[in-house]
Amino acid sequence: MIQITRDPIDPDAAIRQVSSTQAGAVVMFLGTTREFTAEKKTRSLNYDCYPEMAERKLAELETAARDRWPIVECSIVHRLGHLELGEASIVVALSTAHRRDAFEAVQWLMDRIKEEVPIWKEEHWADGTTEWVHPGLPPQEN
Amino acid sequence: MIQITRDPIDPDAAIRQVSSTQAGAVVMFLGTTREFTAEKKTRSLNYDCYPEMAERKLAELETAARDRWPIVECSIVHRLGHLELGEASIVVALSTAHRRDAFEAVQWLMDRIKEEVPIWKEEHWADGTTEWVHPGLPPQEN
Amino acid sequence: MKIEVRLFAVARQLANQETIAVSCPESATIADLKQAIIEQLPELATILDHVRFAVNSDYADEKTQLSSTDEVACIPPVSGG
Amino acid sequence: MKIEVRLFAVARQLANQETIAVSCPESATIADLKQAIIEQLPELATILDHVRFAVNSDYADEKTQLSSTDEVACIPPVSGG
């Protein structure tokens, strides 16, 4: 199941959704808003996305993961909008018969999501400035 | 935090316990009771342990994991006694600043727990027979 | 033809618009579109070497040909997850 | 001396006891204890090549020396998690 939402993420709902008597292993990744990046202090985050393409890319990645690993159930939820420190921006949870497949599949999904899915994070630094995060892009003069 | 308990495992409590504004990543593993092992059908499981040593070994493994990875918070809970299909026998959840450390640490802990911690699983097969699971031990005539 | 290009994140911030309409020759490719953007919206020039373009919600390459009905989007390096 | 050995899982099932008291020579090692178990409780002989022993909640090896106050446990291959 794929979801992009402005509501707070409920990791327990994701775990319940993927739990199954066909599975011996559930692995969950939760991305949370960290206070410090190197020495810069974050006050909050904002996430924006290209909604049609983001949903499509997430669905494609779920399908590709199911082709590679024997996944029983899979749930990917990404949050948008304003996030306070400690709040979750993403949950990826899935179940497999054996644990190695579950660890590999969740890591692969997270790696691919961070490369391919058109979602962007805006840092709201504690010093009052804001900055869109674009790995590899030279700093912009605004 | 280490816990060995006869109560049902609450994965959400483990996630809340390890979530932190110092961490950007939470990884959780949940081991659940699978219905089929190869073609044999399980009705339920029973877990027993050597309690003093199991708690000590789990605490040693948490310490060893913290020496290897920059873990912010860690929770390991193992269930004992009678488990129905789908119920969880173990949760390992931990948080780190960056996700690769969290994935590595949880996998390492699960591998070590399955080698070193004196806890045993008894299969109650659907055909009415029971069997202690001892990897590498030749089948016993009872 | 006019190509409508959706902008996100720093691209939207630099252009101060959610969508731009770019004049391109017929059967322009993504490479042609980038050249046209540099001429018409020089404020986006600094990022164009580092962005990808999507056509109808799929990543396109420099040689992808465009038609005026395509949904085109400028995708700066992503940072979700 | 008498060494009390705690049994778990299949070991407990085979011996039908939670604890066994094994007669050993003074300063016996784990290897000596195993030999004594084979003689005194032959029903455990089939598993002894595949089990580990713990002394005071730590895994011991064949050469570990025992004293009568040690807490000794027979640890068949574990299957938790």
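Order of writing sets the labels: A, B, C and D. Residues in every chain begin at 1.
Heads up, the rule we're going with is that a residue touches a chain if its C-beta (ideal position, glycine included) is under 8 Å from a C-beta of that chain, and two chains touch if they have at least 3 such contacts.
Note that the coordinates shown come from a computational prediction; the quantities given were computed from them, not determined experimentally.
If you take chain B and chain C together, the chains in touch with both are A. Chain B and chain D have centres, each the mean of its CA atoms, that are 26 Å apart.
For the pair chain C and chain D, the distance between mean C-alpha positions equals 73 Å. Touching two or more other chains at once is no residue of chain D.
For chain A, the set of residues that touch two or more other chains comprises 31, 110. Of all possible chain pairings, those that touch are A-B, A-C, B-D. Here chain B touches chain D in the complex through residues 31, 47-50, 52-54, 56-57, 78, 89-90, 110, 113-122, 132-138, 140, 142, going by the rule given at the top. By the touch rule above, chain C contacts chain A in their complex via residues 6, 8-10, 13-14, 46-47, 50, 54, 57-59, 73, 75-81.
The touching residues of chain A, when paired with chain B in their complex, are 11-12, 15, 19-36, 85-86, 95, 97, 99, 102-103, 106-107, 110.
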